[in-house]
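First up is the structure itself, then whatever we jot down about it.
We call the chains A, B, C, D, E and F, going by the order they appear; numbering starts again at 1 in every chain.
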Amino acid sequence: MFHIFFLLPLLLSTSYASVNDFCVADLKSPDSPAGYPCKPPAKVTTHDFVYAGLAAEGSTSNIINAAVTPAFVAQFPGLNGLGLSAARLDIAPGGVIPLHTHPGASELLIVTEGLVTVGFIASDNSVYVKKLSKGQLFILPQGLLHFQLSYGKSKAVAYAVFSSSNPGLQILDFALFASNFSSSLITQTTFLDPEQVKKLKSVLGGSG
Amino acid sequence: MFHIFFLLPLLLSTSYASVNDFCVADLKSPDSPAGYPCKPPAKVTTHDFVYAGLAAEGSTSNIINAAVTPAFVAQFPGLNGLGLSAARLDIAPGGVIPLHTHPGASELLIVTEGLVTVGFIASDNSVYVKKLSKGQLFILPQGLLHFQLSYGKSKAVAYAVFSSSNPGLQILDFALFASNFSSSLITQTTFLDPEQVKKLKSVLGGSG
Amino acid sequence: MFHIFFLLPLLLSTSYASVNDFCVADLKSPDSPAGYPCKPPAKVTTHDFVYAGLAAEGSTSNIINAAVTPAFVAQFPGLNGLGLSAARLDIAPGGVIPLHTHPGASELLIVTEGLVTVGFIASDNSVYVKKLSKGQLFILPQGLLHFQLSYGKSKAVAYAVFSSSNPGLQILDFALFASNFSSSLITQTTFLDPEQVKKLKSVLGGSG
Amino acid sequence: MFHIFFLLPLLLSTSYASVNDFCVADLKSPDSPAGYPCKPPAKVTTHDFVYAGLAAEGSTSNIINAAVTPAFVAQFPGLNGLGLSAARLDIAPGGVIPLHTHPGASELLIVTEGLVTVGFIASDNSVYVKKLSKGQLFILPQGLLHFQLSYGKSKAVAYAVFSSSNPGLQILDFALFASNFSSSLITQTTFLDPEQVKKLKSVLGGSG
Amino acid sequence: MFHIFFLLPLLLSTSYASVNDFCVADLKSPDSPAGYPCKPPAKVTTHDFVYAGLAAEGSTSNIINAAVTPAFVAQFPGLNGLGLSAARLDIAPGGVIPLHTHPGASELLIVTEGLVTVGFIASDNSVYVKKLSKGQLFILPQGLLHFQLSYGKSKAVAYAVFSSSNPGLQILDFALFASNFSSSLITQTTFLDPEQVKKLKSVLGGSG
Amino acid sequence: MFHIFFLLPLLLSTSYASVNDFCVADLKSPDSPAGYPCKPPAKVTTHDFVYAGLAAEGSTSNIINAAVTPAFVAQFPGLNGLGLSAARLDIAPGGVIPLHTHPGASELLIVTEGLVTVGFIASDNSVYVKKLSKGQLFILPQGLLHFQLSYGKSKAVAYAVFSSSNPGLQILDFALFASNFSSSLITQTTFLDPEQVKKLKSVLGGSG
C-alpha cells in the first residue's frame, strides 16, 4: 500500500450514512406488517440498543406464582425488524406459566436458575415434556400450546427468546375466561361443562 | 391450582395490548413494500375482518362474458400483511377470463358452480390444461400465463385465492391493446402482424 | 419483424427446461423446512396440479356434527412451496368446528353454502365474532384460537384457505383431552377442575 | 493483549466447519422450493464461485437478432440460495429480446455496450419505455411483461441481474406459438384472429 | 354440545400426522439453503428438543481468556428451520471475545453473570459501546463487527441468541492471521504493515 | 371470440390502479424494516426506473486508487423493496477495494473491463481467491470479508450487484481506524500492536 500517507478524496460519498444496518422503532408512528418506521438515524444512540427491564425480578405474588416480563419491540425498540425478542420468566416454587401460544414465533428457552418443567403439544397431539436444570435449552416450535412450571423448592428463572420482535402471546385460560367470549360460545366450541365455564369466568374476570 | 380463587395482580402488563396479531390496512397512508401501515388497534372492529363484496354475482354482460371481482387489500383491508387475498370469477356460458398473470402470487382455484376449463403455460412452454367441475381445485404457480373459461351450458363460479394480499393482475390483451404501448413497439417485440395490432387496438381502445 | 419467416437457431439453450416454476412434492422423500424435494420435472403431469378430494361432502355423523377435509401438501403435492393450501368445512345444523389454531398460517374463510358463525380471540383477549352468509369472507390472523359453527337450519359449507402449504392444525380439546397430556399437568397449567379433566379425557380418549 | 504469544487451546471447536456461509448446488439431487441440496463442503473449491459462461458473445444469427445467455443456478451452481443470478443479452442492430416475463424475480438491467431501448407494462396497463446508453441502469419489477431492443447502429450488450437464483423466463410468443397450446384455446383466451395464430404457429413451430 | 358422550368417527383423517410443526435436522443428509432435511417424524423424541451442551462452563484457559460454546443447528438439531440458535460466552476477568461478525443473523446478548462490555461498529463507522451488568440485554444488528469483553473482577457469563439456526461466525483476526490468506494480499487489502502481519501470522498460525 | 367488436363495460373496476407492482421509495419519509414508503403511484414516471449515476467513471485519485459508486435505494429509489441494487467499481492499475463486508446481502461481481482479483474468507477461515477477466462472474456469499483489486496494467471496471436494495457496506480499515473506536478497545479486541493502531488512525483519521 504505497500511498498510505496520502489521504486523498474520500472513497465513498456521504450517501452511505443512510444505509440501514438497523431500524430502531419509532413507536409513536403506526406499525406495519414488517415493523415500525425507523427513528431518524441522527437520533439513534447507544441507549437504543440496550434494555435493562429484564434485570429486575418479576413479582410472583399472583394467582400463578409466576411472572412473564417481556422485552418485545414495544418495550425494546432497538429490536425492530431484527427477528428477535425475549422475555424473563420468574417462577416461584409451585408456580406455573399456564398453557399459551405465541402466534408469530418459535421460542428458545434458557434456564438460568432453578428447575423448570417445560412441555408442548404438537398438531398430532403428541406431548413433549422435559424437566430442565440450569443451563439447559429447550426449543418450542411456533404456534403450539406450551407451558413452563417450577418443579424445585426454590424459585426458577428462565429467558424465553423468540424468532420475531413481536411474537404475540395468547394465554389459553385468559383467552377463554378473562375475555368477553360468551359462555354459550365456549360450551359450543369446547367440550367444557357450563358450570366449569361459569366458575372460571368468575375467577378470571370474564364476561358474556 | 390452589390459589385459584385469589385473583391477584395481573400476570402481564398492559403493554401486551400492542402486540400485533394483525395489521388492518390504513389505506389512506402510503403503501410500503410489506404492505400498508396498520390502522390504530383501538379502532379495529369485527367489521375489519369481514368482506361481503364477493357475495354478489359479477356482471358478465361484457366482451368476455365473464367478471373478476377482487378482494385484494385495497378492497379488504384486513388482509394486509397476512399473505392471502381472493377474487370471485363469474363466467357465463362461453365466457372466458383471458390469458393473464399475477406478478406477485400463486393462485389456488376452487370451482363452486358449473364447469371450468383452466390452463397455464410453464417457462419451458409446456401447457397444462384441465376441465374442472364443482368442488375441484387447481393450483397455478406464480407469474405464469393462465386462463379460465366456462365449458358448460350454465354459468360457472369459482374463487381464486392468492398467496399475497396484493397479487397484481396483468391481462395480456389489455397490456398490449388497451394501453398506449406503441404499435411499432408491439410489432417489434412480438411476431404479430401490424394489421392484427391495429384491429385489436381499435377493439380494446389502445393508443400509440 | 423482417426475419419472421426464417426460424434460425433457438434463442435459448435447452437448459431452461430446469427452471423451476413449480416444485411438485415428492412425498416419499424427507420434508425440509421449506417443503418437500421436487418430483422430477419429466414426471410432472397436469394431474399434479389438480385436487378433487374436496368435491365430496365430508361426513358430519360425528361428535361435532362437522367435518374438516384438508387439501394440504400431504394430500395435494402440487401445492408444495407455493404458500397456499385449503380445507373444506362441512357443518351440519348445530355442528361446530371446535376452537383450534393453525400454528403456521393465516386463514381466509369463504362461505359457499348455509350460515356460519366464525370467531377468533386476539392476544389481548379481544373477541371478534361474526355471522356470515353465502359468499362472505372472513380473515383469521395466524396462530390465534378460532372456531366455526353453523347457525342455520340447513348444513353449511365453507372453504378455509391458508397462507402455507402446510398450515398445521391444533384442536384445543383434542390437544388437552385426546392426548397423553397428564391430568396432573393439565390441572397445573390450566385452571380446570380435575373432575372436568377426567370427564373429558374419558369422552375424548386421552390418557395419562 | 498480554498473552498474545501463547497460543493455547482453540477458541472454538471444529464443529464450526459445518457453518453454511454458502450452499453450492448439487445439481444431481432433486431441487426443493428453497433450492438444491448443498454440495459437501469438503468438495467446494474456488471454481464453484466463478462462472465464465457469459464472457463469450452470444450468437445473434437468429430470428430475433439477439441472444440471451443465462447464468442461473443450473449453469452456475454457486448461486444456489443466494438470491441472485444473471444473464447476458447480446442484441445486434435491429435485434430484440421479445416481450417476456420472469415469474420469480425482479430484474436490474445494466447496459455495457451500445444503445438499448427497454420497457415494461404495469398491471394498470401503464407503459414505461426508456432509451438507455452505456452504463445506465433500469429496474424491471417482478413478473411484468418487458422487452429490450437495440436502437443503435452497432450491437448492444447488457447484463440482466435477477433477485433469485432461478428467476424463470416466459417468452410471450414462444408460450403461445411455439408450444402445443391449441389454436382453439388461443383464440378463446386472446382476441387474436385464427389466421394470425395459424401463421405464427407455422413460423415458431407450435402445434395443437 | 349434546352428543358429547358419543365419540363417533374421528374428525380428521390420520393424514394430519404429516403436518410439520417442526423439522428436526437429519444431520447426515446434505444441508440446503433452508436447512437440513427433517428426521422422520416417527423417530422424533423429546430429547430432540433439549440441549444440555451449554450447561457446563467453557474453558477460558486460552489466548483470549474466554470461550464461545455454540448451540447452532449442528449441535442442536431441533433448531432446524426455526430461526433461532444460541451460544454461551464465558469470559474470565480480562478476557475478550475478539471482533467478529455473524454473516447470517442478528444477535441478542443476555448477561447472566458478571460485567460485560459490548460494542459494535455500524456501516457509517459509528461506534456503539456499552457496559452491561447482570440481566441486561443488548441487540447487535446483523453482519456488523462487534465484540464482548469482561470488565469486572470476576468471570462473566452471557448468552448470545441468534435470529437463524445457523448464524455463522467470522472472527476477524482468525480470518486474517489464522488462515492461508497470503501476507501479500493482506497488506494490499488492508493498511497493515507487513511486519505486523508477519508477527500475527506467527502467533495465530496463518500461512501463505 | 364472437363479441370482439362490442366493447362493453370494463372487465375490472378501477380499483386495480392501486395494485403495487412496484414501490418507488419516498426518501423523505422514514425508512422501515422492509424499505421506504411508496411514492404516490400517480407521481411515478419512467424516470423513477432509470439510474444514470453509474455511467460516469469514478475518480481513482485517492489512497486506494479505486472508487465504489453505489446505486442503492438511497441513490436509485425505484429499487425499493425489489431485492436488488448495484455498485460500480473503478480500479486503477494497482488499485484495491479494501477488505469489507455487506451485512445485508450477497454480491454478484461482473467484470466488464480489465483484470480483477477477487477473494473472500469463509467462516471456517478458508480463503477463496480468483483472477477474473472481462465477462467473468464471481459470487460472494452474504456477510463475509472480501476484496477486489486490479492485477492488470490498465484500469478495471466491474459491477457489483446485491441481493438487497440496501446491502450495507462495512470497510474493515475504516471501521477500525477512521472511526472513534478507541485504541484501547482495538488492541483489546484484535491482536494488533498499539503502534500499528496509532499509525493507521493517524493515516485514516480515527480518534479515541
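As a working rule, a contact is a pair of C-beta atoms (placed from the backbone, for glycine too) under 8 Å apart; a residue touches a chain by one contact, two chains touch by 3 or more.
Quick caveat: nothing in here was measured; it's all calculated off a predicted structure.
Participant: Can you name the chains that touch subunit B as well as subunit C?
Facilitator: Shared contacts of subunit B and subunit C: A, D.
Participant: Based on mean C-alpha positions, I'd like to know which chain lies farthest from subunit F.
Facilitator: C
Participant: How far, in degrees, do you have to turn subunit C to put its CA atoms on top of subunit E, rounded to the nearest 5?
Facilitator: 120
Participant: Which one of B-F, D-F or B-C makes the same contacts as A-F, at least in over half of the residue pairs?
Facilitator: Selected from B-F, D-F or B-C as the counterpart of A-F: B-F.
Participant: Could you tell me which pair, A-B or B-D, is linked by more C-beta pairs in contact?
Facilitator: B-D
Participant: CA centre of subunit E versus CA centre of subunit F: separation in Å?
Facilitator: So the centroids are 26 Å from each other.
Participant: How many angstrom lie between the CA centroids of subunit C and subunit F, rounded to a whole number?
Facilitator: 42
Participant: Using mean CA coordinates as chain centres, what's the subunit A-subunit E distance in Å?
Facilitator: 20
Participant: Quick one: which residues in subunit D touch 2 or more of the other chains?
Facilitator: Residues 1, 4, 16, 19, 21, 29, 32-34, 82, 96, 103-104, 122-123, 129, 141-144, 168-169, 174, 188, 191, 203-204 of subunit D touch two or more partner chains.
Participant: With touch defined as at the top, which chains are paired up in contact here?
Facilitator: A-B, A-C, A-E, A-F, B-C, B-D, B-F, C-D, C-E, D-E, D-F, E-F
Participant: Which of the residues in subunit B come into contact with subunit C in the complex?
Facilitator: 1, 4, 16-17, 19, 21-22, 41, 45-46, 49-52, 54-56, 71, 76, 78-79, 82-86, 88, 106-108, 110, 112, 120, 122-124, 128-130, 132-144, 159, 161-163, 187-188, 190-191
Participant: If we count contacts the way the header does, which residues on subunit C are in touch with subunit D in the complex?
Facilitator: On the subunit C side, the touching residues are 1-13, 15-16, 18-21, 23, 26, 29, 32-40, 80-82.
Participant: Where on subunit A does subunit C make contact in their complex?
Facilitator: By the definition above, subunit A touches subunit C via 96, 98-99, 101-104, 119, 121-123, 125-127, 129, 141-145, 147, 149, 168-170, 172-181, 185, 188-193, 196, 199-200, 203-204, 208.
Participant: Which part of subunit D faces subunit C closely enough to touch in the complex?
Facilitator: Going through subunit D, the ones touching subunit C are 29-34, 59, 61-68, 70, 72, 74-75, 94, 96, 103-104, 166-169, 171, 174, 203-205.
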